[in-house]
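Working notes, beginning with the structure itself.
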Amino acid sequence: MNIVSYRPSPDELSYTFGGRAPVGKVRPGTIIELSTEDCFGGRVRSVDDLPSQVCEFPYLNPVTGPFHVEGAEPGDTIALHFVEIVPARDWAMSTTFPHFGALTTTHTTAMLHPPLEERVWRYDIDLARNVAVYHARNSDFTVELPLDPMHGTVGVAPAANEVRMTITPDAHGGNMDTPELRAGVTVYLGVNVEGGLFSIGDGHARQGHGEVCGTAVEAAMNTVVAVELIKGVATPWPRMEDDLHLMSTGSARPLEDAYRISQHDLVTWSASLTGLDELDAYQLISQAGEAPVGNVCDTNYTMVAKVAKSVLKGPGVYESAHERLRALSAEYLSGR
Amino acid sequence: MNIVSYRPSPDELSYTFGGRAPVGKVRPGTIIELSTEDCFGGRVRSVDDLPSQVCEFPYLNPVTGPFHVEGAEPGDTIALHFVEIVPARDWAMSTTFPHFGALTTTHTTAMLHPPLEERVWRYDIDLARNVAVYHARNSDFTVELPLDPMHGTVGVAPAANEVRMTITPDAHGGNMDTPELRAGVTVYLGVNVEGGLFSIGDGHARQGHGEVCGTAVEAAMNTVVAVELIKGVATPWPRMEDDLHLMSTGSARPLEDAYRISQHDLVTWSASLTGLDELDAYQLISQAGEAPVGNVCDTNYTMVAKVAKSVLKGPGVYESAHERLRALSAEYLSGR
Amino acid sequence: MNIVSYRPSPDELSYTFGGRAPVGKVRPGTIIELSTEDCFGGRVRSVDDLPSQVCEFPYLNPVTGPFHVEGAEPGDTIALHFVEIVPARDWAMSTTFPHFGALTTTHTTAMLHPPLEERVWRYDIDLARNVAVYHARNSDFTVELPLDPMHGTVGVAPAANEVRMTITPDAHGGNMDTPELRAGVTVYLGVNVEGGLFSIGDGHARQGHGEVCGTAVEAAMNTVVAVELIKGVATPWPRMEDDLHLMSTGSARPLEDAYRISQHDLVTWSASLTGLDELDAYQLISQAGEAPVGNVCDTNYTMVAKVAKSVLKGPGVYESAHERLRALSAEYLSGR
Amino acid sequence: MNIVSYRPSPDELSYTFGGRAPVGKVRPGTIIELSTEDCFGGRVRSVDDLPSQVCEFPYLNPVTGPFHVEGAEPGDTIALHFVEIVPARDWAMSTTFPHFGALTTTHTTAMLHPPLEERVWRYDIDLARNVAVYHARNSDFTVELPLDPMHGTVGVAPAANEVRMTITPDAHGGNMDTPELRAGVTVYLGVNVEGGLFSIGDGHARQGHGEVCGTAVEAAMNTVVAVELIKGVATPWPRMEDDLHLMSTGSARPLEDAYRISQHDLVTWSASLTGLDELDAYQLISQAGEAPVGNVCDTNYTMVAKVAKSVLKGPGVYESAHERLRALSAEYLSGR
């Protein structure tokens, strides 16, 4: 088994997809043990650390990477299987941020209101009990929420020579902020440049649907990913697979366009997998499909379209990459 | 126990919220056994019945009602608890419809494409095995999907003397098309006119998230609802409650506004229930809230914001109407 | 010449399209001299009259009418030519209004901000000099703006037995708030019910594009309209014509859908008038068309699509209703 | 007078903002005579040249540049005055393009329709008579439209180390596609990187509002721009000035957000220029402002907010850069 470890120092972190030389090369079949910083770069540590004061634009939402996948060329697909996503500290942070979030005026939904109060919340992370503990700031209300660790940001270098801030989700992936991106899931990313150049960041100890205030329970993570490459198979928008489901994503504004992209991809993908014509697949997904909300706060919004594989009679996808990565993951975990 | 039965003949059905005299008066505490027609008025019965040919605009999406609730006045809230929703036939229908649905040009998302093909699917409904059976039209693909009966349309007479087609969801309820509206759920509707004048229709044997093709597994239903009235408590947008969750809804375009309305209502409602200030509640819902998609195909789109009562420490809401209606429901069901 | 006068008392005003008996019947070819109140019902008269205090929901945006046009049946079109629109007082009012306008959180674009300050501005109206005088509230800045009187609200009873608040623009017309609706313009409205039942209100001494703060220079008006009926010609969305241009409107959210509706109607209408196929008309409008913004603050947004008749080789439209109404208007004005 | 000429060969053209070394350095006060290719790179020359066949993604919408402005640093503003924009050929092209335009399904407004027909129109450009001649493809309809030459694309290197396709408009400028960007206009662009790195392209012999089919009358141009630098003055979104007006732009989706950004900028800018408080400025722009539509077809939509300087009492802006550039332009033109 080929295992590599990579724990970047702060100055090795990236703030864009594209525009940067790889931090390393990996062969398909590799397992990478890596660490990621939280979206604040670890600078928000107490409720007195206001992000607008301790963070510096555009050095937000750092990602670990990019990694060059050997042999990856435009038109191929990289498969990343999340073996493990574990919060790295016994605390995690969340905040409001001026002009960011779904229930506030923003730079694009521009209004004459002053920004909402900038406020910071510090969560206790208890891995043993699998909970994050919320503490209200203006009362003694406290409640435990189950951990559900995930990565908000994963993607590759964009097409058309673009370089995008990590904060933006689009066809290359990026800051999709979907709770579906948890351990046990394989994400498929279409390759736009030689090596693909994937990066991972923005760990969340857990997240509500839509990340309505703009931030989740933001946590540095120790993460293990297994990497595969599917040659000659293109992927138009990031897709995901777990043991029971297939998923398509879409990131755009307005939110109905994110919904349309993701459902359109799931409908046409399902048609190709089952031999149904597009209208028959449209009907089937209309009754059997789910639509988990990703984010409704970033520069593009993200929706996921999801269907049980059993509904599609368990078709093989991506040359069984998920099954192979599952096996690799099991081997890795048992060998530890 | 006060039980009334109402099985309307076709000419007693309604096609609007508001604008019509009540079909009956009920006292709070009443259980109503009623029947509803499907959204096609029962006219689409085989795959050869194209809705554009057998249905006549605006006589679509009929509802049963309106019912006058004795004592209901503007500023009050009507609580409707769905005791039972049972498909009335051993078949149900779904269709595409010209210029209707999320992945097609519509009358508002107007484009130069000709409409998609109008096609009809007939599902077998097997109550004993609890499944709806999908049959592809252009292949022999068939699959069983679990039943999850619900009502797409429930609402009261609108404010401001308006009369709205049943197809439209808005602050008065209407065609929200959320799968959350199943048996065991209590829906809260703000009263705008004397008696409230609620109606119910558009049963779905099941539905995917967003009802992407524009129709669900459309079924006539035999439904039992228990009615309560909460005096002096206003409800800005329809809310729902089940044994474990509180839910707010929003219906608007673009879809992010439906999300905003529902999340804003859940945040401010949660604040009032817990004593949290708005920003602390915003944070808590951001990490613990869900956002099930209702419809992304009607004249307004619908989103639901949902949180476990346990996260809010199980606050009492609406004078425990849900608990009382649950008890009434249990008494009714055991007495049958 | 058939001339009727109608100056409603306050309790004769209407607050909906549909849902009300006509205030009078007129024959096609009639000239109506009528008066309209401002959108505040005349209750905001000084800068100390806050609309949230002196006005009562839903008694906002009153219209004069409805008028029954003899012989008008569903499938016909009513043509209303604006002969004259003259501010009735030497003052007019504008205000912000809590949760209303384009640069503020609203009931649908729901956010956690408190409302913007409610503030009132009183304009001097000088008909002789043709100006409205703006006075800042928090400085001595003052400036004269040219009068450009128009009606924000004109429409007929909606289809499908609906009744809509006058604040809402849709396919029946309503609160489109487009500065294009000035004297010299003919508006075409598709008839949905016997008699059509048109109403007119919401005069603006002038208005910026989009009515960004939510209100214009709101003025009671003395208005003269000439009425025609075009039998057997349907109109899907309100259209307008002046001596040089044809115009289509669309009202919807998001704003691109209002744009799409209006441009789609102008493209397909132009095709039918010129014999161009749809794609050739699409191309021509793409280079020669204008897109004046109506409102970006109401419950639906409004866009206008506009093209010079000369570009289309001066086609005859609506059986030359505009030309006939122009002649009638000239006869009326010369006879005064 | 410092005059430089630059006529790039095809392989010197750029396809991004950012990500490329400058083609030259210019001092503030320089006049640049430059040529630009059309959005097809000149490859569409007859009605048989379908862009999907003769053009290669992402080599679309080439721009001339980038130019490094000496002394320009982040926080400064570059002023570009368009002295002259002259179509370079006696023909220009327009096309539909699969999945591009306002009245068609696109990659983000994803639907199940096949693309509209791809069709090409060739316009005759007659500089002497100042017209572009439209020829229908499927009939012998032809019409002359007045020339109104403009540049669809102008911008600088983006902030945050981003590199963006030239097709995308955003805060750095880019493909705004507004007809307001004609000769006589000064555009102000906020500097994000050393030298600013501005580029210009996408000439249109004329354009309708919104560029509804996705392309304008696309023309190679001979263009003269005069360059100035305003030190220490930041510009959040591109602004424009002509002899009579000030203009702000916004580019976003949905279209109301483009409207909000542009109106918000014009309101707050007007407040700072006049001493009005924000609410008084909001009121004044609400009555006196215009809102010319830019594009409703690109990856972001663009709106312009516009007000006559006289309404604001003719305030000085950007240290009178427009007046100085006007004088320089006059001197240049008279010296030719």
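Which chain is which? They are A, B, C and D, in the order written, and residues in each are numbered from 1.
Basically, a contact is a pair of C-beta atoms (placed from the backbone, for glycine too) under 8 Å apart; a residue touches a chain by one contact, two chains touch by 3 or more.
Computed from a predicted structure; not experimentally measured.
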Smallest number of touch links from subunit A to reach subunit C?
1
Comparison of B-C and A-B by number of C-beta pairs in contact, larger one
A-B
Distance between chain centroids, defined by C-alpha means - subunit B, subunit C (Å)
35
Using the average of all C-alpha atoms in each chain as its centre, how far is it in Å between subunit B and subunit D?
48
Could you state the distance in Å from the CA-based centre of subunit A to that of subunit B?
33
Where subunit A touches two or more other chains at once, the residues are 103, 109-112, 116, 253-254, 260, 263-264, 267, 279, 282
In the complex of these two chains, what residues of subunit A are touching subunit C?
103-105, 109-114, 116, 254
Considering the complex alone, what residue numbers of subunit C touch subunit D?
94, 96, 102-103, 116-117, 119, 121, 132, 134, 136-139, 141, 143, 145, 206-217, 253-256, 259-260, 263-264, 267, 274-277, 279-280, 282-291, 293, 296, 301, 311, 313
Subunit B partner, complex, touching residues on subunit C are 15-16, 18-19, 57-58, 107-112, 159-165, 250, 252-254, 257, 260-261, 263-265, 267, 278-279, 282
